[in-house]
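Structures for review follow.
Each of the next two complexes has subunit A plus one more chain, namely subunit B in the first and subunit C in the second.
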Partner chain A sequence: MCDQTFLAATFGPCDSCGKASPLMNIYIKNDAINYCSFCMEVMACQGLQSGETLASLKKESDSLKKKLEEERGKLNDIELHQVAEKVEMLGALSIKTKRLLKGHGNKVLCMDWCKDKRRLVSSSQDGKVIVWDAFTLNKEHGVTLPCTWVMACAYAPSGCAVACGGLDNKCSVFPLSLDKNENLSAKKKAVAMHTNYVSGCTFTNSDMQLLTSSGDGTCALWDVESGQLLQSFHGHTADVLSLDLAPSETGNTFVSGGSDKKANVWDMRSGQNIQSFESHESDINCVKYYPSGDAFASASDDSTCRFYDLRADREVAVYQKDSVIFGASTVDFSLSGRLLFAGYNDYTINVWDVLKGTRVSVLFGHENRVSRVRVSPDGTALCSASWDNTLRIWA
Partner chain B sequence: MAEGSKDQGGVGTTDPEEDSPNMIVYRKIEDIVTRIQDEKAGGVAIRTVKSFLSKIPSVVSGADIVQWLMKNLSIEDPAEAIHLGSLIAAHGYIFPISDHVLTLKDDGTLYRFQSPYFWPSNCWEPENTDYAIYLCKRTMQNKARLELADYEAENLARLQRAFARKWEFIFMQAEAQVKIDRKKDKAERKILDSQERAFWDVHRPVPGCVNTTEMDIRKCRRERNPHRVKKSVYGVPDDGQSQPSPIHISSQPTRKPTKEDVQKEITFLNVQLDRHCMKVSKVADSLMSYTEQFVEYDPFVSATEPSNPWISWRGRVGISRDPSQQRVKKWSFSLEEALKDPAGRDQFLKFLESEFSSENLRFWLAVQDLKRRPLQEVASRAQEIWQEFLAEGAPSSINLDSHSYERTSQNLKDPGRYSYEDAQEHIFKLMKSDSYARFLRSNIYQDLLLARKKPQKGKTTVTNIQVQGNYDIL
Partner chain C sequence: MARDMSDKEILKMELEQLKKEVSTARTPVGANCAETIAFVEEMLPNDPLIKGVPDDKNPYKGDKGGCIIT
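Take a look at the complex of A and B:
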């Protein structure tokens, strides 16, 4: 390398450090290298160790991807729905709306059941968070957040608190006081702090930890009492739109889905991305584990829902129909995992036979997009939240 | 349609707008609507219908559209076809010629197709000035069919107040539009007028109707150029008054991947290649057997006991103390299932206590609890667990292999939530292979499973239709 001043021909992000600066454009073995002057010197000093340029690394990565595809392909000996041909057909389902929860003044964006199987919390675009007794339709608590679009809400396992967040980039926890006169807003505690909107939140198996997903591309685990960040999860290359905790008593994993069309499985202890799935053609709006924890389903703007098995490390089913052209926004499994309930932007809920891959029922009723569906903890009912300002309980 | 390059993270060659969720749906609808209009390829016949004194050009009946949808999109239920058709209408691609409300009816109601100029995929966000011009010019036309509906008259009044200062300008624009329209052919005018009206029905819907132009705020950042000058329907030059939509948060352009990023990816891929995976056939069998095992507990699929409280009027019938046989049976599926159910946990503990070997389960439960403590309490709790179960001369000493013991005592030098993970896993395996199997054979378990004991409280039936139950928190 001659030690001389040079004319910068281009300006842009450096291939090595990513910083935007004047770039030196040179070629090494026909590979174009565009480094900033600092990285160029570093590389020169390292004597071009192992010829690792961005381009050669990319080639390596591409060939590994191909190899992985081949290896996984060898395991794809049969389709799930073919194996499931021997399973008995489901009888006709008769699912009807059993309760209609009215009270929100704007789009209901999220809801979550309490472990007591009858209470639930819901949040809406106008900043309101309501705790209902879905059985009696009684509104037990109501809080108004100072921000609009409360996209995430969750009930604490103890039933004594709720968490919610959205456009305020935070996730706050409210204790649920039995004293009706107490002002819940005053007891609000901001736990999670992201640099963009909070898209999803869930308590881990206790009231003391909160897991959040955000438009800033990360997920994070927080200690509720101190607000401390315990672990952050980086890997998505766009907004993370949804997350779900693995149902195991002993496991420490969760899955997340995002606008980068990827679904990633994470180890909560190390923060590592364990597995990654990319087969959707557009944003993944929702991810949910199959009850055994060995598989999960996803809902996407490409109007399909897909089923991924963790042990086979691949997609094993796609749930789609010619007449379903609107994006799917939310999914949940019935207790046994035989049924998949999916809410769509065409205001309907499609019920899919998970094993056979066919649609067994359509639930009409909502008058605008369905934003969230959740099966109750004992599997007896399905709750759906919608942009038509209502929630419905189906059984 | 241009496909995006599969370059991971690279600047895609697709127009980013094409990938936006709204655009995906629009393109699908446009495909459907184009096919419906293609008579040669099995589309519906679009014709001119004679009515009293005039002809209605270029229309199709609702029933025809419903038929087409059922046939070409494999829809079996007409209700579903009507629903899909109504959504296509609500987005402004087809419209009834004599109604502002955009739905599809399965009868002789006449519909027309929207002109591609007005398609939502052109990203219209018409300003109120345009709407004012539109309503104004409608009042200048004498045809009865062009009379303003009540809500439109209200809107016009409101706009007149809001734009009081520039009303003269708006009035002039409206007049100009009327002049242009008059020059057109009569039949053409009918069609264009209706299409224009349908356009406004989408962007200024009838009160009570869904505004299909509303967007999910999380997806709004995708807009290619949120600060672009919005085009006017009537060619009104932008006077700089229009604000860029407040919901458009500028998105960061996708970062080109750096060497580090690709290196991380390579490491990840290598880990994946080393992973031992199962064949789909095996995995399918496993999924099927899991589902089959639990199907009898799934209220959506099988009739379960007690009856579904959302369906039957009565609350839980029978407040007997013992858990139902069906619930007890679940504990035999796996140790995990038994421990998931608090009643299962209690019974297992009871059994172990009777054998004087409960320390394993108590240790396991203590470690579970440790993981749920607030950060502050973790260190002290971890020490307590050590003292109780693992220290020399501990009161509830558990049996750990020397390797796990070493690891655990190392971990405790810097105690954390996961300090006991190895030990817990070891103990879990121990319980699973030894005491769990004995538990399932024990009298304590078998009595419950076969309901051999008489319930301690007599079964109480609820006779009045009160929906108060004692709902256990599981």
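Take a look at the complex of A and C:
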């Protein structure tokens, strides 16, 4: 009857046991394999230790997750917003658009400030990377990359180079020269090679090392001069969408967030995943360390931003509102860490009070999704990049 | 990479990671929150986006492209 019949497309000798029987045609890594159903079972069980099946691994994993939750739960004696009740309320913020940077021909996907607090680099879908002076609105450099969707760009700490990457699966570094006539594209150096798109990049404390995150599920640390892979970080089970370096001078950890809804904290020297947080309900689009280095925030497609404390090893605040239903694509903290700026797909930037968990203000102005927000290194301004082809400076 | 790994390998990787994480050192939330708040209070007076910057020091002063509706 129905429970015993299956669709047999071919009948013939099995590839492994040679007996003539109905064959199950399957493809493993693009090779066609025709086994009879018995050999199929045998093959599926190969590589498992005795007694181990997919189900038993899953059960063990679930029970460990529950144990982890319990351990973390024991330390959850009080909520952040409860401790923060004694903190003074913030006055009304007077943040307005002070500059509008026009010049990109298509969606602006990423931007980064220079350490000199006035220059910034931005990259867009049309393959152009532009270096701007935020005070004067001057465009200082412009490079065209051969690929579209330049999803990541970063300024070197010295201010002498920029790194950018995207759908070309590479992250390239360009030295910035003061000579206007020099062709910057010619001096491009491909440093990082991934097997899928590059979603984020950042220089470490010096110009010599570059950290990248990629759609292939890994993050990697590269030596800029030689292009050598110094360390790779495996642990995400889906695309890694964002990464951020810990702020301290001696910092050697970074946090990454991905489509597997997890945010992982890594040790750069050993390549180990030190801590992992899975409380979002959808892809994590952006992660950012807190100025003190002991916590980080994440923005997700589930329309919430969450705040995780690294020493308590758990989520301590969720920034959400019933009226906010669009995914958050980017977050950044103000200088003191009191404000959290989050850019959303409904074209707005919500400003949250980190301690109290309430929304302080909404910044309107962009005419399409906000793809990136970054506070300047001295905290005087916020720059936002958007799919409406412009960047705005708020101060 | 994660895409090339079978479900079994992915689960094994997750299991290894979980085993390590269960033994991480943790401190209570209350203590950490208090420290975070102390950090913020200390840095708050210097935060230009909250306290505002006097016009003579503000490099972005002067609205470019704003209009006042009366």
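Going forward, the second predicted complex is superposed on the first by the 335 of 395 C-alpha atoms of A that agree within 3 Å, B and C clash if a C-alpha of one lies under 4 Å from a C-alpha of the other, contacts with A are read in each partner's own complex, and residues count from 1 in each chain.
The definition used in the following text is that contacts are C-beta pairs under 8 Å (C-beta built on N, C-alpha and C of every residue); 3 or more make two chains touch, one makes a residue touch a chain.
Being a predicted model, the structure only gives us computed values, none of them experimental.
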Contacts of A:Thr195 with subunit B and subunit C, given as first, second, both or neither: second
First (subunit B), second (subunit C), both or neither touched by A:Asp301: first
Per-residue contact with subunit A, leading partner among subunit C and subunit B: B
Partner chain(s) touched by A:Arg99 [first = subunit B, second = subunit C, both, neither]: both
Touching partner for A:Arg269 - first (subunit B), second (subunit C), both, neither: first
Subunit B versus subunit C as contact partner of A:Val129, first or second or both or neither: neither
First, second, both or neither for A:Ser61, with subunit B first and subunit C second: both
First (subunit B), second (subunit C), both or neither touched by A:Gly327: first
First (subunit B), second (subunit C), both or neither touched by A:Val362: first
Subunit B versus subunit C as contact partner of A:Asp313, first or second or both or neither: both
Contacts on subunit A seen with subunit B and repeated with subunit C across the two complexes: 54, 57-58, 60-61, 64-65, 67-68, 71-72, 75-80, 83-84, 87, 90, 93, 95, 98-99, 118, 135, 237, 273, 275-276, 290-292, 294-295, 309, 311-314, 316, 334-339, 354-355, 378-382, 393, 395
Contact set on subunit C toward subunit A in their complex: 1-3, 5, 7-8, 10-15, 17-22, 24, 26-30, 32-37, 39-41, 43-44, 46-50, 52-53, 58-66
Residues of subunit B defined as touching subunit A within the complex: 8-9, 19, 21, 24-25, 28-29, 32, 69, 73-75, 77, 79-81, 83-84, 87, 210, 214, 217-219, 221, 254-259, 262-263, 265-266, 268-270, 272-273, 275, 277-288, 290-295, 297-301, 304, 308-311, 336, 339-340, 368, 371-376, 418, 421, 424-425, 428, 467, 471, 473-474
Interface residues, subunit A side, partner subunit C - complex: 47-48, 54, 57-58, 60-61, 64-65, 67-68, 71-72, 75-80, 83-84, 87, 90, 93-100, 118, 134-135, 137, 195-196, 216-218, 234-238, 260, 273-276, 290-292, 294-295, 309, 311-314, 316, 334-339, 354-355, 375, 378-382, 393, 395
Footprint of subunit B on subunit A - complex, ascending: 13-18, 52, 54, 57-58, 60-61, 64-65, 67-68, 71-72, 75-80, 83-84, 87, 90, 93, 95, 98-99, 115-118, 135-136, 149, 151, 159, 167, 197, 199, 204-209, 215, 223-226, 228, 230, 237, 239, 241, 248-250, 252, 259, 269, 273, 275-276, 282-283, 290-292, 294-295, 301-303, 309, 311-314, 316, 321-323, 325-327, 334-339, 345-348, 354-355, 362, 364, 367-368, 377-382, 387-388, 393, 395
